[in-house]
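Chain naming follows the written order as A, B and C, and within any one chain the residues start at number 1.
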Amino acid sequence: MLYDFAIIGAGVTGAAISRELSKYKVNVVVIEKLSDIATETTKANSGIVHAGYDAPAGSWKAKMNVKSNPLFDQVCNDLYIPFKRIGSFVVALAGQGTGYIEELYQNGVERGIPVEIIKDLAAIKKLEPNISNETEAVLHAPTAGVISPFLLAIAMAESANINGVEFHFNSPVQNIENMGKFFIVDTPSRSFQAKAIVNAAGLYADEVSKMAGDETFKITPRKGEYLLLDKMGDFVRKVLFPVPTKKSKGILVSPTIDGNIFLGPNARDQDSKLDTSTTLSGLDEVIEGGRKLIPNVPLGDSITNFAGLRAVSDTNDFIIGESTKVPRLFQAAGIQSPGLSSCLGIADELVDIIKASPNLSGTEIKLKENFHASREKPVIFHDLSWSERDALIKQDKTFGHIICRCETVTEGEIVQAIKRPIGARTVDGVKFRTRVGMGRCQGGFCTPRVIKLLARELNVDEEEIVKREPSTRYFFGETKDFRKENAPIMNGRPIQQ
Amino acid sequence: MSDVVKQKEIICVICPNSCTVTVKQLKSGELVMEGQGCKRGEQYSRDEFLDPKRTLATTVRIRNAFIPLLPVRTSVPVPKNKLNEILDVLARIEVKAPIKCGDVILENVLGLSSNIIATRSLDVDLCYKIACEFHG
Amino acid sequence: MIQKETDVVIIGGGPAGLAAAVEANSAGCKVMIVERDDGLGGILQQCIHPGFGLHEFKEELAGPEYAQRYIDMLGKTKIEVMKGTMVLDMTPKKEIFAINENGVVKIAAKAIVLAMGCRERTRGAIKIPGFRPTGVYTAGTAQRFVNIEGFMPGTRYVILGSGDIGMIMARRLTWEGAKVEAVVEIMPYPSGLIRNKVQCLDDFGIPLYLSHTVVRVHGKDRVTGITIAKVDENWKMVPGTEIFFSCDTLLLSVGLIPENEVSKKAGVKLGKTNGPEVNQFLQTNVDGIFASGNVLQVHDLVDNVAIEAKKAGKMAALAVKGMKIPSVNAGDAVPLVAGNGIGYVLPTKINTIVDDALVKETGTVKISLRVKKPANDINLKVKNGSTEIYKKFYKHMRPSEMIIFELDPVVLNGIDKKLPLEVYIEPKEQKEVAKK
C-alpha cells in the first residue's frame, strides 16, 4: 500500500498533525517507536497552554503559540478533553526588577493577547493568597490554561483513527530509503511506502531527518524534573512562572487540570535521549525554586516525582516546514516549550504548507465530506452526579466496581479505555487514559486489579501484562514456581536460597 | 575454655528485654548459659540452641476457589532445618475447594508430628460452578 | 437508588470493623458493615503469618484465621454485611453514599464507626530519585501479589524499611525461593519487633543496613539495581558510602497512613496521627461518628485494634440508645499534649464532665501513645500544669510498640481543667536505679 503520508512519532505533535490530515481524503499512517501514544516528552511536561507572549517576536514558537492558543476551546469541546483557562502570573520578586515582565507585557499587547501588570500585593494576594510576600509585581495572562497533555494526544489520535488514520506501535524507524517519487520507511516488523514523510519524532527528529537525507539540525535533550503534590483545593490557583533563565521558563508552581499541584521543571542539558531519571540535586533545585514563589508549599504531600526530556534544536526554535534538502519531507521538529500549546497551530500550519507544496502537486489533497470531528464521550465516573451514577450502574454493573479508590475510577471505565480505538494494552495505557494509579497510593491498591482486567479483556495470561514497554513485565512466574524443578534461572544460575 | 564444643549467641525473643544469651555446650554435653534475664528466657535459649523450631506459614495451590492460593501453617512448630524440605513438599501439592479454616491439609508432615492446617475457609467459587455447568 | 436505614454503620470490614460490629450488635443495635472488598477480613486475609490473637484468643493465629473467628461470630448474628460496596461520601448528618454493582446505596445511620484502615506510604512520598521502572512496590502490594494473586513480582529484592511488614516479606519471599539482598533502614535501629529481625532476617542471613537509605533506582524499564548510602543524623546522604545491589525489585515498607478521605467529607477533623481527633469515647468532632483501628492510629497488635474497636462499637451503641456522649469540642474537654520524647498521644482531648452512667460503662480512660526514639529505664509521666498525676516505669520503650495505659477517672476529677495534660518521658532518677 502506498500511503500519502507517513507521520513518524505519535506524541502530541504527531497526533495533532494526524488529526488535521485525517480531515482530508488522503491515506495516512503514524509510525511510533514505543508502545503507545504520548510515551516520551508528551507525557512528562508541565501541561500548560501558554498565552503566547513569551517567545521572541518573529519566531516559530511565537507565531505558533499565538495561533494555537485560541483553537483549544473548540478541539477540547469536540473531543471531550478537560481544559481550563486558569490564567498565569509571571512573578517578579523583590530585587528582580519589573523590566522583564514589562517586556513580556509589550509582547502581549503587540500580539493581541490579553495581559495586565498588577503591582499591588494585596490585589495579587486576593487572586493568589499563598504567593510569596516578596512579590513586587506580576504579569497576569488570563488566557493561559492547564490541560492533560497525554489525554490531549490520545484524544486527537483516537479522532484521527476514527477518521481512517492507521497507527503502528513498537515500530522504531531503522532506515529511510528515498526512492525519488516515494520513501520506504523500515521498521523491525514492517516497511512502509509513503509519498511524503512528516517528521514529528521528538527527541529523535534529527536522527529521522538524517535518515531521510536532511542533516541540517541537531536535537539536544534537556531534562526537566518535576515534583507532583497531592490535590490541595485552591492552595495554588494560577500557573506561576518566575522571571526566567536563558534555558527555560524557570521552575514553576502550578495546579494541574486534575487539581494536583506540581513544582518544576529545572533545565539540564544532557547527551542521553533515554535518561529520564530524577536526581537528588535536581529535586532539591525544583523544591528551592518552587518555594521562592509559594514559600509554604506543603512538601509532605508529595505523590511522585518524574522527569521529561525536551527536544531542543540547535536553532532554539521550532523547525516547521518542508525540508529544503529533501522534497516531501515535512518537519515538525525541535518542539520544546511552548510545543504543547502550539500543537494545534503547528498542525494547521504544516498542513497548509503541505497543501501548498509544489512537490505534491500530483496528489489531490481534498477535504472529506464526512469528517467526524467528535468521538464517543468517555465516561468519567468521578464527575457524575449520584443519580447519573445510579443510572449508569443499572445499565452496566461494571461501573459499580471501584478499582482505583484514590481517583474513584471504575471497572467500566477501564474496560472502555481498553476497548476504545487505539485502546490501552498496558497498565500505563490504562493509567494515562483513566487516571488509575495516579493518586496518592500510586497504584499500590489498584495495580493487581488492573493487571487482572487487562488479562481478561485482552485474553492473555496475567504474566504477559506489562507496565508499558515489552520489557516491563510484572511477574516472574507463579508463587511456588521457584521451589519446583523448573525453577527460573537468573544470570545463568538457578535461583538459590 | 577448652572443653567448649559449641557456642552460640542467641537473642531471646520472649519479651522486649531482648537479652543476648551466650550458650556454651561442654564436652560433657552440659550447657552453660550467661546473659539470660529470666527462666522463660533460659528455656527459650536452651531450645533455640539444641533444637531450634519455627512455625511455618505459607500457601498451597488450590483449585476451584476464587483465588489460586490457600494460606496454611504448621499446627505446632517444626525443626528449623526441616523448613526447606517442607516448603518443597508444599510447592508440589494442590488442594480443591471447599476448604474450612482448620482443615488438615497434610497430616504429620515429614513425620515431624506437626500437621499442615488451612488458615482460611474457601468455598467453591461461583464462576467455576457456572463454568462447570456450561461445559458439562 | 437503594435507600437503607440502620442504627450503626461500620465503614470497613477488617479487624476493627468486625470487632466494632460484634460489640454494637451485642449491645442491642441494628448494625450494618459496608465493605468495599468481596470478602471480610480486610488486610488480614493477606497476612498469612502467625502473630494475631495471642492476647485475645490465647493462640497464635495467622491473619486469615483471626478474621475467620470474627466472621464466624458474625454468622451467628443478624448483622447486615454489604460487600463489594465502597463508601464515597458521608455527611455530618451521618448519611452515607456508597456504590456497588446494584447502583448507588444511600444509608441513613444513627451512629457511624470509621474503620477504614490505612494505606502504605509510597516512593513518591519519600522522594526516591532515579528511574521509574516496573519493580518498585510497597511491601503490602507485593504481599498481595505473592499471597493472593499467586505471582512473584521479582526474583531478587532489596527492601527499604525494617518495619514488621518489610521484615515479614523478606522471610516470605525467601521461603518462596527468591533472594533478598538486603533490608535498609534509615534509622539507627530496626523499626519492627526484635523477634522479626531474628526470625525474618538473621535466620536467613539477610543483612540489615541501619542508618542507610536508597539513593537511586536503576533501570529504565525494569529495576536492574538499587544504590543505597549511609545517612547522617539529619538524614542527609554521606558521600562515598554508596553500595550497589544488583536486583530486579525494590520493596518499600516506609510507613502507613490512615485512610481518611471519606472522614474529611463529613467534616471530621484530623489530628497528629493523620487520623481523626477523638476524645476518650473515641468520638470525633462530628457527633455520632466514632473511629477505631488503623484509621485512627496505626496499631502493631491486632488484639489492641479489637479492644479499641469494641469500645467504639459500644460507644456508638450507647449513642444510639440516647446516652449523651460528650463532644470533643465541649468546653470541659482538656487537651492531651505530647511532651518530651512523645511522638503522639491519643485521645486528643479528655472530657471531664461525664454522666455517671457513662463513666460506669467506660471505666478508666485509656491513653495510647508512641515514643519518638527507643529508650531504656524511663518514667512515663502525666502532668497537669506542674502537678504530676501519673507515673509509670518502663524498662524499654520503642517507637514500634504502642504504649497503652489507663488513667483513673477519679484522678481526672481533681485536675485543673484550664490546663492541658502533658504526657512525657524522662530518664529514671539515678538513685532509684541504684536501689535496684
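Everything that follows uses one rule, which is that a contact is a pair of C-beta atoms (placed from the backbone, for glycine too) under 8 Å apart; a residue touches a chain by one contact, two chains touch by 3 or more.
Computed from a predicted structure; not experimentally measured.
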What topology does the chain touch graph have (line, ring, star, complete, other)? complete
Taking each chain's centre as the mean of its CA atoms, the one lying farthest from the centre of subunit A is chain B
By C-alpha centroids, what is the most central chain here? C
In whole angstrom, the CA-centroid distance of subunit A from subunit C equals 39
Could you grab the centroid distance between subunit A and subunit B? Build each centroid from C-alpha atoms only and quote it in angstrom. 52
Centroid distance [mean C-alpha coordinates] between subunit C and subunit B, Å: 27
For subunit B, residue numbers touching 2 or more other chains are 59, 61, 68-69, 87
Find every residue in subunit A that makes contact with two or more other chains and list them. 478-480, 483, 497
On subunit C, where are the residues touching two or more other chains? 147-150, 176
What residues on subunit B touch subunit C, complex-wise? 11, 13, 16-18, 54-59, 61, 66-69, 71, 73, 80, 83, 87, 101-102, 119-121
Name, in rising order, each residue of subunit C that touches subunit B in their complex. 38, 45, 48-50, 60-65, 68, 147-150, 172, 175-176, 193-195, 197-199, 202-203, 395-396, 398, 401
Could you please specify the touching residues of subunit C with respect to subunit A in the complex? 1, 36, 84, 86, 88, 97, 99-104, 106, 119-120, 122-125, 127, 129-134, 137-138, 140-141, 144-156, 174, 176-179, 204, 215-217, 220-222, 237, 248, 261
Residue ranges of subunit B in contact with subunit A within the complex: 59-61, 68-69, 84, 87-88, 91-92
Report the residues of subunit A in contact with subunit B in the complex, numbered from low to high. 478-480, 483-484, 497
